[in-house]
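So, here's a batch of structures to check.
Below, subunit A partners subunit B and then partners subunit C, in two separate complexes.
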Partner chain A sequence: MDIRVAGIVKDYDGTAALRGVSLDIRTGELVALLGPSGSGKTTLLRVIAGLEIPSEGHVLFGGEDATGLSVQQRRVGFVFQHYALFRHMSVFDNVAYGLNVRRRAERPARDAIRRRVLDLLDLVQLSGLENRYPAQLSGGQRQRVALARALAVEPRVLLLDEPFGALDAKVRRELRRWLRDIHDRTGHTTVFVTHDQDEALELADRVAILNDGRLEQIGTADEVYDHPASPFVMSFVGDTARLPVEVREGRVLLGGTALDIEVAAADAGGGALYLRPTDVVLTNGDCSGLAGRVTSLRRTANGRRAEVRLDAGGNVLEVEVPTQRPLQVGDRIGLHILKARLFPA
Partner chain B sequence: MTAAAPPLRRLRRPSAIPGFGIAFGYTLAYLGLIVLLPLAALVLKASSIGLSGLWAAAMEPRVLAALRTSFGLSLAAGIVDAVFGLIVAWVLVRYRFPGRKLIDAAVDLPFALPTAVAGIALAALYAPNGWIGRLVEPLGLRIAFTPLGIFIALVFVGLPFAVRTVEPLIAEIDRELEEASATLGATRGQTLRRVLLPPLLPAVLTGFALAFARAVGEYGSVIFVAGNMPYVSEIAPLLIVIKLEEFNYAGATAIATIMLGMSFAALLAINLIQAWSRRRFGHV
Partner chain C sequence: MSDTVLPAPAREGRGRRVTTEGAGARLALALAALSFLALFLVLPLVVVFVEAFKGGIGTYLSAFDDPDAQAAIRLTLTVAAIAVPLNLVFGVAAAWAIAKFAFAGKSLLVTLIDLPFSVSPVVSGLVYVLLFGAQGLFGPFLKAHGIEVIFALPGIVLATVFVTFPFVARELIPLMQEQGTADEEAALSLGASGLRTFLTVTLPNIRWGLFYGVLLCNARAMGEFGAVSVVSGHIRGLTNTMPLHVEILYNEYNFIAAFAVASLLALLALVTLAAKSVLEWRYGDALSGRGAH
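This part shows the complex of A and B:
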């Protein structure tokens, strides 16, 4: 089922959480809502679920206006960050809950419910644990029970609020892959909220980046990574250095020195150059262009990160350095910029 | 510490939170001196008339009637307090309304008020010429000076126990549980019945037990509003006082011992039910 969000505004006693967000999510798509805390991503998810009533705007499911529908009528599967499992019910009863509360006419027969619950527990790889209580499960297992519970009611869309936020890094990575797998198998239209850009870029078909109640950009991982629509998106999806520059006659000047880069459609005037640590390489000793002094060195998973204080302007730039290259704090090095984005200041 | 520790050492395990010895010793000494010693003296005194004497004292029709009045009405009052207390606590925790703090403070008044004052106030209200008594009189209903009056007094003194035991648990209920229930299609009533109330049950039972225990022992407020008619509206504690005034110490201790036994049995039963319901519903 496709979801359309049109012009959603949400005010909390005068403070705006969402300032007009519009978004189209296609059937069967896995979309991440990404943003820093306070960006409104969770509020947007809750508006889609019907847990928050928007001040303005509409939510459409499959072209049908769902704005006036109650939570119960929307038939969404919602997974909470802290699982929200019913502690006094066994795993089985938790998963069966949504079916058991249906009106008698719509409720499946007892053994049909039983079959469905056991199938779902099989899907989330928790077979044999149906008689346990939530307190007897690990965090990752609880979150999988919560997902099975949400899937039990055959939801039209699946919504997950920071589903892996409370789990440790290793379990997170496992569950990520596994969620992708479940999504591909069940084909639910899925929206999940996260503040972890790696999680969003790795898992989702498209990523919607929110900031301060507005949608900054929605696109595939490639699109938001390679063609960020705004400085915010650029700096949010990865490490970014910002260099204040001047543009004159099609050339980019940093502290008076011309940089050896081409910038498409550069307007004259002030601007800021955004670049990633991997977009800069060290020259072979040539310090005639952009140059600076190494102020600190750090080991990372793939290499080393050098902080370089540039001669021009005195800005500090982070550079990814291969481990083979001998380098020490205090060395003077030349830099070559491979790629950068210019945004007007 | 040597390898062959004496048996007593087994109670003392190395722990990050020391002080077990002194705390446990204090608990035993306190319980012994303040609680068990007077009760033992009571049982000892009662035993002077022997088991057959105790049985004879208990089987006295007037004593039987008083015990029935006391325990029956306390049970009823405890149940009403448990239900009413749950509602009051729910309203106090869940809703914000003007005067909430006032009502919150008023809940504790039965704790603080001298019970005799409460009894006199209730008697004045419910007497046939009182504010409420006058209203129900034409309906042929008499409250003061009947078992109904006792019941109302017992509900009054027990309410704070029922409210205060469930209040913290209601405050702890995670909003997301209700939201999860709603997204799964449950109505408000189903959410209340299946999700919210079961985890509260142990606390409701504790509140009931406390209100019931308080009601069994209540004296001051009841005697003013009860009318104290033998066989009808006479409570067991009053009968004890009456026996004492007659210098019938054996008779008084006999009733007291029976009350003690019944109360202990009732509280033990409630504790067992609670332990069961904790296992059943309390998987925290």
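This part shows the complex of A and C:
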């Protein structure tokens, strides 16, 4: 079931949480809503679910307007950040809840419910735990019960609010892979909210990046990494340095020095150059171009991070340096920019 | 390295937490607290039972042969049987509204819920006399239709409902606020109706807190003196509740009977206390709302 979100505005007593968000999600797609806290990503997910009523705009499921439908009528599977399992019910009763509350005419027979619940517990790898209570489960297990409960009602779309937010790093990584696997097997159109860019980019087919109630960009990991639509997207998906530059006659000038790069949108005037630590390499001793002095060195997982104070303009740039390259604080080095993005100031 | 031997640390400084006072201070504080409790809480309670059984078990029981005493007990039970269920419903409704919804006038409602605690019971009784009494606002209307409120059961119930209103709501509001609305949202998203959600999710989540609130509400409803005294008219065998009956007997120097009836009220307090302790010990997490999800 595809989802279309059109011009959603949501006000809370005069403060705008969403300022006109439009978004298309294709059938079977796994989409992440990514953004800093307060960006409106959870509000957007709740609007899609019908847990919040938008001030303006429409939500369409499969081309059909669902804006006026209640949360019960929308048939969405919603997984809450803190699981929201019913603590007085066993795992089995939690998963069966959505089937048991159906009207008699639509309710499956007792043993059909039982079979479905056990199948789902098998799918989320919790077979044998159906008689436990939520308090007797670990965080990761509770999250999987919550997912099985949401899947039990055969939802048209699956919505997850920070599904791994309350779990420790190792369990997060395991569940991430496992969720991707479940998604590929069941084929549900899935939207999940996260503030963790690694999680979003690793797990999702496409990532929608929100900032201050607006959609900044939606695209694949490659698109948002390599063609960020805005400085915000560029700096949100990874470490970024910003260099204020001037553009004259198609050349980029940093503090008067011409940089050896080509920029696509070479508008004359001011602007800012955004680059990542891996977009810059050290030259072999040639300091005639961009150059600076190393002010600090840090070990990272794959190499070293050098902070370089540039001669031109005095800006500080972070550079990824291979471990085998000898380098010390105070060294003067030349730099070569492999690629960078220019945004108007 | 020097060979200087460090002096051994003072022995009494070992193995105790920095926040703990010395043995003398601890003993003094504990004694002060315990003797205060003994003097002002335990001793009066003991006196009630000692006085009640002064003339032996036979005299004690004969106090309940008095038809007026039986009428007082019946009336108290009747009033509690009406007032407590009413406040159960009001309390749940108020707590539900305050904890789960945002609306204009919410803080006013919270203040109003506390009003019966801050108003003297005598005043709350007088208010009903002024409203429903013979010279009151609705007096002529009630008289014309032959409805008795003041000096009758309806007035006593009204006064009791007013005085005991906060107990259930006060107990539930923090609990429901702590639990939030995620469980209800989960139930709704799974297709449950509002009523179904309330019955299968909200109510089980608050059941122990609710039970505790009802227990306190009931204890107060049976024991209320001030407000009921103003509206009851003290008609023996008709509008006397147990606390009022105790007062009448006491004023008539019928001490044994007075303490015998009082012992029933004291017993109620003890049962409430015991039930409260059991609940807190067994379901402490559920009562505080910090229960694991």
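Here, the second predicted complex is superposed on the first by the 345 of 345 C-alpha atoms of A that agree within 3 Å, B and C clash if a C-alpha of one lies under 4 Å from a C-alpha of the other, contacts with A are read in each partner's own complex, and residues count from 1 in each chain.
In this section, a contact is a pair of C-beta atoms (placed from the backbone, for glycine too) under 8 Å apart; a residue touches a chain by one contact, two chains touch by 3 or more.
All values derive from a computational prediction rather than experimental measurement.
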Superposed partners subunit B and subunit C on subunit A - clash or fit: clash
Contacts of A:R75 with subunit B and subunit C, given as first, second, both or neither: both
First, second, both or neither for A:R142, with subunit B first and subunit C second: second
Touching partner for A:H88 - first (subunit B), second (subunit C), both, neither: both
Partner chain in contact with A:V316 - subunit B first, subunit C second, else both or neither: neither
Touching both subunit B and subunit C, residues of subunit A: 49-51, 70-72, 75-78, 80, 82, 84-88, 97-98, 101-102, 134-135, 146, 149-150, 152-153
Residue ranges of subunit B touching subunit A (in the complex, touch as defined): 174, 176-177, 179-187, 190, 194-195, 198-199, 280-284
Subunit C contact footprint on subunit A (complex, rising order): 49-51, 70-72, 75-78, 80, 82-88, 97-98, 101-102, 134-135, 142, 146, 149-150, 152-153
Parts of subunit A lying in touch with subunit B, wherever the complex brings them together: 49-51, 70-72, 74-78, 80, 82, 84-88, 97-98, 101-102, 133-136, 146, 149-150, 152-153
Contacting residues of subunit C [partner subunit A, same complex]: 182-183, 185-193, 196, 200-201, 204-205, 291-293
